[in-house]
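Read from first to last, the chains carry the letters A, B, C and D; within each, the first residue is number 1.
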Amino acid sequence: MATIPADPRLARGAAAPGRLQSVIKAVREAPLLAVVILGGLMLVSIFADLIAPHDPTFPVQGANVFDPPFWMEGGRATTPLGTDFQGRDILSRLIHGARVSLIVGLMGTLVAGSIGTAMGIVSGYVGGWVDQIIMRVTDAWLALPAIVFAIFLAAMVGPSMWNIIVILGAVYWTRYARVIRGEVLTLREREFVKLAEIAGASKLRVIKKHILPNVMNTATVLASLTVGVVIIAEASLSFLGVGVPPPQPAWGLMLSEARPTLMAGQWWLTVFPGICILLIVLATQLFGDWLRVRLDPQTRNL
Amino acid sequence: MPQFILRRVVYSIVTLFILSATIFLVVRLTGDPVALMAEASARPEDLDRIRQQWGLDRSWPVQYATFMQNAFKGELGKSFNYRLPVIELYFQRLPNSLTLGLAATLISLLIGVPAGIISAVKVNSGWDNVAKGVALLGLSIPGFWLGLVLILVFSVWLRWLPTSGAGDWRHVIMPAVALGWYFAASMLRLTRSSMLEVLGSEYIKLARLKGLPDVVVIAMHAFKNALIPVFTLAGVNMVVMVNAAVIIEVIFAWPGIGRLLYEGIFQRDFPLVQGVVIMAGFMIVAINLVVDILYAFIDPRIRLTR
Amino acid sequence: MNMGGPDMAPHTPQRSARPGEAVAHRAHLLQISDLQTHFFTFGGTRVIKAVDGVSFTLDEGETLGLVGESGSGKTTTCLSIVGLLPHAARIVGGSVVFEGEDLTRKTQRELRRIRGRRIAVILQDPMASLNPLFTIFRQVAEPAFFHQHLRGRSLRDRVQHLLRAVRIPSPEWRMRDYPHQMSGGMRQRIVGAIALAGGPKLVIADEPTTNLDVTIQAQYLDLLKDIQRETGVALIFVTHNLGIVAKMCDKVAVMYAGKIVEQAPVRELFDDPKHPYTRALLGSVPKLGSKEPLYSITGQPPNPAHLPPGCSFHPRCPEAVPRCTTEEPRDFHLADGSVARCWLLDDVLTRP
Amino acid sequence: MTHPRFTAHNAFLILAVALVLIAAASAVLSLSPPVSAAAKGKIVLAWHSGFASRWLDPQEHDGTATPDNFFTAIHDALIKNQGTQLYDHPALAEKFAVAADAKSATFTLRKGTKFHNGDPVTAQDVKFSYENYRGAKADVFKKKTERVELVDDRTLRFVFKEPFLDFAILFGTANVAAPGWVVPEKYYKQVGPDGFKQKPIGAGPFKLVRHEPGVKVELEAFDGYYRPVHVKQLVMTSVPEAATRVAMLERGEADIIYNVPGELIAKVGKLPGVTLAPVLSGSFFVEFPGFQDPKNPFRDKRVREAVSLAIDRRAMNQAETAGMGKVTGNWINDDVQYAIEWPEFPRNVEKAKQLLREAGYANGFDVEWITPLPPFYSRGERLIAQLREVGIRARLQTMERGIYFQRLQGGLKEFQGTQIILHGTRIAGSWSFWYEGHFKCGGFNSRDRICVKDLDGKFDQYERSINPAERKKLAEEIQRGILENYYIVPVFRHAFVNAIGPKVVAQKWQDVFPTITTGYAYPWEDLKVKDQ
C-alpha cells in the first residue's frame, strides 16, 4: 500500500470495489430533475411494448389523420395526444420513440466514447508516429464539418438505426480522442505509472490498470455531455433526410417529418416530440454538468 | 520557438492533406451527380456527354492529382451547377455567412457569458440553475424546429420580422438567434469553468487579500482573464458557424456558405463540396494554429505537452 | 463573521481540553483562541476539521513560524484570520482578536477594510499571484488606491517608493511592465511591495519562498527582515522549511492534522523539542532551498476526513503508548515556555 | 422606366398620359411595343429548389423540367410549348413547316425581335444556337441534321439526313431539349459559356437585373418584347424549406410559392386570397426489380395483379396531395404523344387475397424492401400499410436522393431478392423517352431490372420505323403489354401543388399555370399584378 498516490482524485479513480456504491451514492446526490427525467425515460423505453396503446408504425383503426389531442375538439381518448399525417397514434410513437432515441443517444455516445477513448489512450501512451497519425486524422476529422461528414457517411452506409449509431460514433469520437490524449500525456508522467513501468508491467497492463481507470472520469463526463449532442444530431440528420428511417418512431424523425404542420396549426405533431427531445437533452446536460463538477476532470474545453 | 511553429505548420498541412483526401473520396463514393440531374428523357449518351464535360470520365487518381495541383495554385475547381470557380462562389457567399456568423457569435456570447458568470459566481444557487437552463435550452432544441417556431411566432403571428432571406438587420435576427443559441451552451460551460478557475487562482486570492471590493475583483481582475479562452472558443465556433450553418441557412433561406454546401451535397456537386470543405478546414486549421502559437507564447508549458 | 451559524455544523465542535490556559495579561496584536475551521463537502455530508482548536498570540514586531506538512491546516489558519475561506469552509468556533477586535464577528465589508490595509498576506506562488494582464503599477497601486484613496501623482510616488523599498531597480520604468517580463525573484519582491502597500500591522507570509532558488530565497528573507526592522510589522511565516524558521522567527508553532502540537520560542524548540512529531521534523531538516523536506517519518499524512482516534499522530509515532490510541492529548505547558500536546509529557510531569 | 406609371384610380391621368404619349412619341411607340408602358408591380416567386446557373443557358439544357422556367423568362425559342400547345407555339418564329417527308423543316422569323442588349435576333443567331447546342438530346440533332440553310435573313431551313419524325416535338418542348432557343451569337462568344451563365442575355420577356448564383434571380420587364409584359419586376428566389415558403406566402413576402407539402395544402388553401395550383406532375409506379427470376414471387402475374388490387390509390392521392393528384389507368401522361386511355385500376382486397392463394401464397410473403423515390417516403409507408392488408409484409428502405439514383444505375445487383421500387417520374415529349430510360433493358435508369424481351423488340421496331401509323400502333401495343401484364403497376399522378398569393391576378389557377406540358407558370409575360 506504500505506493498509493496521495492525490485524492487518483485514489478515487483506483477505488474499484466501491464503484457500485459510489454510483448509487452519486445518483442520490445528482440533480433530481435530471434523474427523474432520465430514469422515467429508461422505464418507458424498457416497457414500451406494454405501455404503448397502439402499434407505433401503423395507422390506428378508426382514427383519422391529424386527430388533435383528447382535450381539443375532435380529439379522442384512444389517441390521447392525437394522430399524425398517417393516422398513427402520437403517444405510442413517443413511447416507442423514447426507446429509439435513447438507444441512438446512448449507443452513439458509447461508440464515440469507446473509439475516442481507445484512440486517445493509444495516441497518448504509445506516442511516436502512431500518435502522429491518430492526431492528424483527428484534426482532419475535426476540421470537417460534423454534419457534412454525417450526411456522406449516412449516404454511404444507408440509413438504419444501427448505422446511424455507427455514423454518429464515427463523427463524434474525435473530441474524446483529443481530451483523453491530453489526460494520458500527464498521467504518463505520474509516479505510479513510472513505477509500474519500472516494475516491468507490460504496456497493455499499464493501460488497463493505471491509465484506463484514471481517464474513465473524464470519459464519463464527456459521454454525459455527448448524449444530448448525439440526440440533436440524429434529429438534424432526419431533417436532411438521412436519419433514422421511417416508419421507425424516433423523436428527431417525428419532429422533422412533421415540421410543415407547425405552420398549419397542427402543433401537436411537433410540440410533443420537441418537448421530449428538449427534456432528455436538458436532463443529460444538467446531469453531465453536475458530473463534471463532481468528478472535476480537466474538461474545460467542452 | 521557431521549431515549434514549424512543427505546428507541418502538422496543419498534413491535416489539410488528409482532409482533402477524405472529402475527395467520400463525395465520390456516395453518388453520381450526373445520374441525379437526369430526368425521364435522358439517355446514356446524354449522361456520358456530361461526364466528359465535367471531367468525371477520368480515373480517380487523375482527378485527385488535378484537384490537388489546382488547389496549390489556389483554385478549387469549377462548380458543376453554377459554372463558376468555387473560390468565387465561396467569396460571393462569404459576406452573408460572416454577417450571420458574427451575429450568432454575438448572441452566443450574450447568452452564454453572463449565464456562465452568474453560474460561476453563484455556484449551486437558484440563479445558477436558471442561467444554465437558459443557455442549455438552445442546445436542447433541434435548430430546424427552433427556426420554424421563431418564424411562426415573430414573422407570421407578430409580424415583426421578415421570414427569410438576407437584407437589412432584421433579416439577421432570427437565424442568428437560432444558430447562436446552440453555441451558447459551450460558451456557458467554458465561461463558468474558466471563471471558476480564475476565481480560484492565486492572483484573485491576492486581489481579495488586498481588500478590493468584490465588484472590482470580479469585473476587473477575474473577467478579463477568464474571457481569453472564451473568446478563443468563440472564434473557433464562428468559423464553424460561417462555414457549416447548413440547417439554419436552409430554414431561413439565408444565402450563405452553409446553403451552398447543402445544395452541393445533395446535387453531388463534387468541386463545390470539396472546395467548401477545404476552405472551412483551412480556416479551422489556421485558427487553431494561431491559437496554439499564441498560447505557446503566453505559456511555455504548452510546448512541452503537445 | 461565523457565517454558518451553529445549525450549519452537523455536530457540535469537539471541545479541546484547555486546563490551565494562560490568560493574556496584556493586549496582544493578535490573539487566536480555540479557532475551529471546518470544511463541509458533498452537501454537508462530510466534515473535514482543517483547523481544530488552534490558539496562539503574536505581538508587534514579532515573527511566528507556522510549520507542518501539507494539509496540516497552516494555510487554512491564515485564511481564517483574514476571513477569506473557500466556499466549503466555515469558522465554527473560537475567536481571532486583532488589535482588540474579534475578526470572526466582522462582516465581509468590514473585513475588506482590514485586509490589505492592516493585515497583508503574501501568497505561496509569486508567479501565480500576479495578474498576468495588469501592469505592475496597477497591481501595486490598488491597495493604496482603495484604502488610502491616493490618486495621480501621489499614487505614482507611493508605488515607486514601495518598489524601491523592495529593491526593484529603476521602478519608474519597471512599474509599466507586465509580470511575465520580470524574473521570479522580482515578482516575489513585488508581491512583497503589494503587501506593504497598505501599511499593515501584520503580514502573513504563506510559504513565500517555495518557488525561488536558493540565492534569491536568501536575499528575499533578508529583505523581509530589513523591512520588519524598519516598519515594525508582525510576521506570521508559514513554511515547512525549518531552516527558514531558524533564521526568521522568534517563536514557532508546529501543526499536525489541524492542531498545534507544539508551540515554543524558536531556540527552545530547536534545542529541546518536546513532541515526537517535532523531533521527527527536526531529524529531517532539509537543506535551505530544497523544495520538499525529506521527512524521516514513516507513513502518509492522515486523511483529514478520517482522522484516527486519540492522538492523530499515533499511527506514525515511534514512541506511542496505548493511551495515545484512545485519548486525545491535552496541552502541556512546560517551564521553558513551550506548550505541547503529547501524553508522553504527562508521564514526565506526573513521574515523581 | 421612362414612361410614367399608370394608376387605375386616376383615369384622367391615364388618359392624359396616353394622349401625350401617342401625340408626342408616336414614332417611338410604333417601334417599341405599346404595351410595355403598362408593366408594373413586382412578383416574387419562392422556389423549392436551389438554382443551378446552367439553367440560365439553354445551350446546356439538361433536359429537366425546372430550367425551362428560367429560359422562358430570359430567352425565347423559335417554337415552344405554351398554354395548351405542346410544342408548336410560334414564338421567335412567325411560322414553321415540316416537310411531308420529314427531311426538312423551314422557319420564318418574326419581324423586329431584339435581344436585351438591343441587337436584332437574326437567322444567323438561330443557326449558331442550333449548331452550338450541347445540352440534352444534342447528339440526336447532330446525328440527324445534315445542314442548316439560311434561306434569307428571316428564313432558315434545317435539312436532315433521314426522316426526323420527332423533330418538332424535341425542338419545341422546352423541358426536353433546347436547340431552338436562341442566344445572341456575338455576346455568347464574347463572354464564353460560363460567363453567359452568370449574365445571360436573351430575347425573352424579361431581362436579367441581378443574379446571385443559386439563390436569387432578379428580372425586369423587357420593353422590346413582341408580346405585352405586364409585371415590371420578377424575382425568383430559392427557399428550400417548405414551411418557410408557406410563411412567406402568409406574410406577403412571396406571391407564388412552389411545392406545398401535402400536410399544408388544406391550410394554405384557406389563406385569404390564396389560390392553390395543383399541377399534375410525374407518375408514380411500382416496379418489381428482377421479377423474371424464377425464385421471385413477382414472376407470377397474379401476384403482381394482387399488388395492384391491394393499392388504395384514391386514399393515397387524398393523403399525399389532398386529392389533387390524379388516379389514372395509364401511367403515361395523357398530354404526350401516343398515350393510350386505360381504365382506373380497381381496389379489391378480397380478390387480391384470392389471387395470392391461387399463386400459392395463402399466407402472404415477405418483401425485403420497399424503396420509394426520395423524399416521398410516406408514400412508401402507405404502400406498406396497404400491402399488409393482403398479407404482403414489407419494410421501408429510405435512401438519400443521390444514393437512390446511384443504386438505380447499379441495376439489379443493388436490388437483390424480393424487392419493390416505388419510382416516380415526369414523362415529357414522347412516351418513348420514358420507355427507353425506365423500362428498356439497358436503359439508363432501368438497366437490367426489368428486361421484357418481346416488348424491347417492338420498341426497336418503333425506333426504326418512319411510318407514323406503324409507330402509333407499336406504341399502343407496348403500353397495353405493360399494363395488361402488370410489369409495372401505376399508382397515381402526383400533384405538384403551388400556391398563388392575393397580389397576382387569377380567376382560377390555370390563369397563372396555363402550360400543360410542364405545369409551370410561364409564359411569364402574362402574369399580372392586381391594382391596389
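Quick notes on this one:
To be clear about the criterion, a residue touches a chain if its C-beta (ideal position, glycine included) is under 8 Å from a C-beta of that chain, and two chains touch if they have at least 3 such contacts.
From a predicted model like this one, the values you see are computed outputs, not experimental measurements.
Fewest steps needed to get from subunit A to subunit B, stepping only to touching chains, is 1. The minimum number of touch steps linking subunit C to subunit D comes to 2. For this structure, the chains sharing the highest number of C-beta contacts are B-D. Of all chains shown, the one whose average CA position lies nearest the global CA mean is B.
Compared with subunit C, the chain whose C-alpha mean position is the greatest distance off is D.
Mean C-alpha position of subunit A lies 45 Å from that of subunit D. Note on chain placement: the centre of subunit B and the centre of subunit D lie 38 Å apart, centres being C-alpha means.
Centroids of subunit B and subunit C (each the mean of its C-alpha atoms) stand 50 Å apart. The centroid of the Cα atoms in subunit A and the matching centroid in subunit C are 48 Å apart.
Multi-chain contact residues of subunit B (touching two or more other chains): 30-31, 144, 148, 152, 156, 262. For subunit A, the set of residues that touch two or more other chains comprises 151, 155-156, 259, 262-263.
Not a single residue position of subunit C touches two or more of the other chains. Across the complex, subunit D is touched by residues 30-33, 35-47, 49-50, 53, 78, 80-84, 89, 92, 144, 148, 151-152, 155-156, 159, 162-165, 250-253, 255, 259-260, 262-263, 266-268 of subunit B.
Those residues of subunit B lying in contact with subunit A across their complex are 11-12, 14-16, 18-19, 22-23, 26-27, 29-31, 132-133, 136-137, 139-145, 148-149, 152, 156, 185-186, 189-190, 193-194, 197, 229, 233, 240, 243-244, 246-247, 261-262, 265, 273, 277, 280-281, 284-285, 288, 305.
Touching subunit B in their complex are the following residues of subunit D: 50, 52-54, 57, 62-65, 134, 136-139, 176, 193-194, 197-198, 212-216, 237-241, 243-244, 247-248, 250-251, 253, 282, 400-403, 405-406, 408-409, 425-429, 433-434, 436-438, 442-445. Those residues of subunit D that touch subunit A in the shared complex are 242-243, 246-247, 250, 261-264, 266-267, 319, 374-375, 377-378, 380-382, 384-385, 388, 396-403. Interface residues of subunit C facing subunit B in the complex, by the touch rule stated above, are 82, 84, 87, 108, 111-117, 120-121, 123-125, 128-134, 142-143, 146-147, 180, 191, 194, 197-198.
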